[in-house]
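For reference, chains read A, B, C and D in written order, and residue numbers begin at 1 within each chain.
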Amino acid sequence: MRVGVLTGGGDCPGLNAVIRAVVRKGNKDYGYEFVGFRDGWRGPLEGDTMPLDRAAVSGILPRGGTILGSSRTNLMKIDGGVERVKDNMAGLGIDALVAIGGEDTLGVATQLTERGVNVIGVPKTIDNDLNATDYTFGFDTAVNIATEAIDRLHTTAESHHRALIVEVMGRHAGWIALHAGMAGGANVILIPERPFDIHQVVAHVESRFKTNYAPIIVVAEGAHPQEGQMELATGETDSFGHVRLGGIGQRLAEEIESRTGKEARSVVLGHVQRGGTPSAFDRVLATRLGVNAAEAVHAGDFGKMVALQGTNIVRVPLAAATEKLKTVPVERYEEAEVFFG
Amino acid sequence: MRVGVLTGGGDCPGLNAVIRAVVRKGNKDYGYEFVGFRDGWRGPLEGDTMPLDRAAVSGILPRGGTILGSSRTNLMKIDGGVERVKDNMAGLGIDALVAIGGEDTLGVATQLTERGVNVIGVPKTIDNDLNATDYTFGFDTAVNIATEAIDRLHTTAESHHRALIVEVMGRHAGWIALHAGMAGGANVILIPERPFDIHQVVAHVESRFKTNYAPIIVVAEGAHPQEGQMELATGETDSFGHVRLGGIGQRLAEEIESRTGKEARSVVLGHVQRGGTPSAFDRVLATRLGVNAAEAVHAGDFGKMVALQGTNIVRVPLAAATEKLKTVPVERYEEAEVFFG
Amino acid sequence: MRVGVLTGGGDCPGLNAVIRAVVRKGNKDYGYEFVGFRDGWRGPLEGDTMPLDRAAVSGILPRGGTILGSSRTNLMKIDGGVERVKDNMAGLGIDALVAIGGEDTLGVATQLTERGVNVIGVPKTIDNDLNATDYTFGFDTAVNIATEAIDRLHTTAESHHRALIVEVMGRHAGWIALHAGMAGGANVILIPERPFDIHQVVAHVESRFKTNYAPIIVVAEGAHPQEGQMELATGETDSFGHVRLGGIGQRLAEEIESRTGKEARSVVLGHVQRGGTPSAFDRVLATRLGVNAAEAVHAGDFGKMVALQGTNIVRVPLAAATEKLKTVPVERYEEAEVFFG
Amino acid sequence: MRVGVLTGGGDCPGLNAVIRAVVRKGNKDYGYEFVGFRDGWRGPLEGDTMPLDRAAVSGILPRGGTILGSSRTNLMKIDGGVERVKDNMAGLGIDALVAIGGEDTLGVATQLTERGVNVIGVPKTIDNDLNATDYTFGFDTAVNIATEAIDRLHTTAESHHRALIVEVMGRHAGWIALHAGMAGGANVILIPERPFDIHQVVAHVESRFKTNYAPIIVVAEGAHPQEGQMELATGETDSFGHVRLGGIGQRLAEEIESRTGKEARSVVLGHVQRGGTPSAFDRVLATRLGVNAAEAVHAGDFGKMVALQGTNIVRVPLAAATEKLKTVPVERYEEAEVFFG
């Protein structure tokens, strides 16, 4: 049996660990051969492959990124795309596909399944906002990186009697902000799920300054004020049409300076959060997902996604992963609010 | 209401985060006063306390260890110990106790509950072997430290064509070895739950040398060979009567050298695994457990332990935590075995 | 003898290590008493002090920032400022001053010396651009943080076939960019000392993409193109009149995208570079400078700055530190250029 | 021109950075071809080589260990060894040799020079005890690792009111113990250069316990008590005849327990100190040494070693490196003693 593997969407620490685990398990226990498709769905679309044997996956466990490359190629927007993928798979003698990716990649996987392709999905999103899995790999690494940055900023904020705003990833869900903010002892955490009241933010900042500690505010890039409260820059787009990340942290710094008369500075952690070696948690999770994806292929249980529930790896329908976004529930935010101000 | 807090047993990264969260939540939402008992059960036994207000817990979130101190004082072995604790609590006007600790501490807590003391337990063990909770704080930090050490040892092993044996914590359960070994790409993982076959270990080592990579073996301190296979040093005891840690790693190195003719070296990570700043995962878990312990006190739901199940913090009977040890199940070990050799 | 200590200018990992060392050495060997002045020159100007005994400096060695606080108060711009400082010192019975700071702080120290105040200077600048000392503490920490960020960005750049631009500190001197870029394997390093040719930068980027590796460009915040080559945003100023950091990295990303047709992203490391626990190198350097500053006070060798030359701590005239900026010499840049492209 | 490169002795973070830099500089500026010799002097002795072009050194900068392998093969003890090396070099068309190693490797290099072989030496010792260079690469990484371990041990020692002894590398020179101990805030530092008085060590430990902080003792593996003070285990040897590392830390723990009645534990950092990714300092130093070694080859300035003096890379006679050991001078130890007790 020959199995194709691809990685789609933004990169995430742990992708290589999944690839290695799928290949090692499939090789050893089922005698499978593997083929790597390059750059997400572009690979099967164009038949662009690379060898994926044991030697190819040797030493990649601790490495960030993906040896297969990635892209945001959306198969469903390409005329005849699905047919080309099926033809290429047939031509290469590939019987099944392991697709590692987020909402978009798994959405395509769902549709391919409906059109007769044997697909197993592996959930990936640094933002931890995929439904049907307790955690996604990469998230723990991002939270650790953001937490370490917050640890560092405490001392500089206090020495200069400044407020420091840390902007972290999270356009639609505030998981990274919630966890890193809680772990880093932030005085305010702002997430997309809950439009913030700038007056309350300022009140927390001022109360913090009174205790002689400096305020640290962690803000998800997708957080926004309650209607009418702050003027936001209109989203600039880059030459590829993507909206530029960043912005809310800097705006908050300006607003806090002008409302409190104290210095405020912002830091945008950006791409540093998603690169580099995965944390141990993410390596274990990614490895277990990979092993179980190979088992799912062997069981012929296609159209499923492997997922973490409690301490178990389970299989859920691919569609379950993408039917809705997993956002921060109100109780979790309230736990964090205990430490505000 | 006045609430006492104590930490018992070996220290663990995250203890201070629990203490801070209990105090912050209890202060803010319920107006509780807190009293810190020093050095585990010695504190309430001797009435040895320290102030535990908001100032006392400021800045302790990222710090390892416990500001309350710890000890292995076993209340149940002391004549009239329980009565003295009850008297001291009454004398100090303390209505309830939050006891943060492992099997021994929670065992005492269970018995105190039966004798009318209001106790809430918070599970703590670096080894992750407490029942009724998916994870205990400190474990993730220990696994990260061990994984980073393994990462470092790969390059030195390869440069010298040596086998390297890493001995990690885990007397009765192999969780740290399992996770760190899986995360670090170990070629063999040995755990107490499964007596090892030295011939198979040697076979893995030799197969690894053939591929020009150097073997890394991760061994839990409590792992042991199948009966009659290797002579082990009898456990030396120190001047306090504790059996000295360490030993199996060094013995394995000698055995591998003599059986393969290749150099082997061992490293015992020891106390480095349990000190220092907690990982983000452990800080979040510890903080959530602390917040929920304060809620349990407020609910008057005594005789319970707060625990992690999936992504939720729940309450379980104190007795559930200690009725049996949580060991590594066979399926989890088999997942790891995919990567042996 | 009573000795005052102050820290001025931007904070730097290692400040607390200097403070601790001055106090410990002065206490132990000379029986000095110490007084901490708060927030740089504001402290002696307003007589704002804090106790600085052994207990006050206990545990601060590994902590970033400064327990004394800092500010950019410029004594020389305040009418009668010097007289007020002298009066306050006399009133507090303070015989000598240890001033830890950069160009501005040491400039003031130089002028105070000329007006009869007993001052010893300790050089501090994260940018490593002070003359008369081989290195300043904080620099090694900043370089390590930037290098770790670059390590992380390599994998994300490669996975997405993107160029990544990392903007690091360095307005007037490119030391952090030079060292972090060299340590991180950057493909181009741009520093203020050498206006860059955008065509050459683009040529390096394109050659890198051809080899299937992704280009990483490290740029000091003060780097700029050769005249007429790229339009730069005019420096925005914040509500305190400081020019906002950042800008060149983002401009370079836009320029590279438009000239190469490849995606480019920028990351501004910002304040994360100057906070948090110092590296071992910086702790040793800061500790040695502190010990030697106390010795200089004891020797009555005022008007001097302690400095690192080779492996020795020496004393140089305060004026020597500030007479000119220490910039990156051409030979050092040429060493780095070996690895461009 | 064809140039051979080899690495000898114990591995050190930064070896790969040197190899890469020699090759990149030699390729780019002089058009040299490079040949890698495997496993130290065994390579040229047996003519065992590997390709060493730009592709071979790509991506190795941040990796610990050495892609060339290493060994302790001593050419001078092999009959006709030098002639075989000369013959093999001639046979392979190799005109010059870059030998990266410590006392033994550079000693052989010195003798080869005297017998007409074109050699350039690059100094390597994790212990920093080579003469004629201010620092050797690998040392800073080892000190950082040991310092981080000490940071972690402070909290566990305090929580349990224990003394903790950290045994670090350094058989003949105490540089790692001195720097890591100073950076980690150790209460006692013991080095081979100065036999210690166990009564004084105990006095420091007891004074520390009185202040409610726990004592941390950093001891170099080669440190020893003053004559007649403590019985030391006779050095055990392993099956290769090497004396096993370790021992003094454990003996000290026992001695402190029995003399003070307090618990003491020891940790032996061992091989973890020499593996893994190099610090930024070591990567920059190693890279600069590599570039300058290629320049020395080009200049035909054989029989020299490249070395760090202040901030400059200079060339010194090979013999200067090995004529005597660079030990910790008394003034440096006295600086550290300020913080004892």
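Methods note: a contact is a pair of C-beta atoms (placed from the backbone, for glycine too) under 8 Å apart; a residue touches a chain by one contact, two chains touch by 3 or more.
In this text the structure is predicted, and so the values were computed from the model without any measurement.
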Set of chains whose contacts include both chain D and chain A: B, C
Most distant chain from chain B, judged by the mean position of its C-alpha atoms: C
Chain A and chain B: spacing of chain centres that average the CA atoms, whole Å: 30
Chain A-chain C separation of Cα centroids, rounded to whole Å: 34
Where chain B and chain C are represented by their mean Cα positions, the distance between them in whole Å: 41
Multi-chain contact sites of chain A, meaning residues that touch two or more partners: 151, 277
Full enumeration of touching chain pairs: A-B, A-C, B-D, C-D
Touching residues (chain side chain A, partner chain C) in the complex: 7, 10-11, 15, 39, 63-66, 69-71, 145, 148-149, 151-161, 164, 238-240, 254, 257-258, 263, 265-272, 274-277
Chain C-facing residues of chain D, complex: 21, 24-25, 28-29, 58, 61-62, 134-135, 140, 143-144, 146-147, 151, 179-180, 182-185, 213, 277, 279-281, 283-284, 287-288, 291, 309-311, 335, 338-339
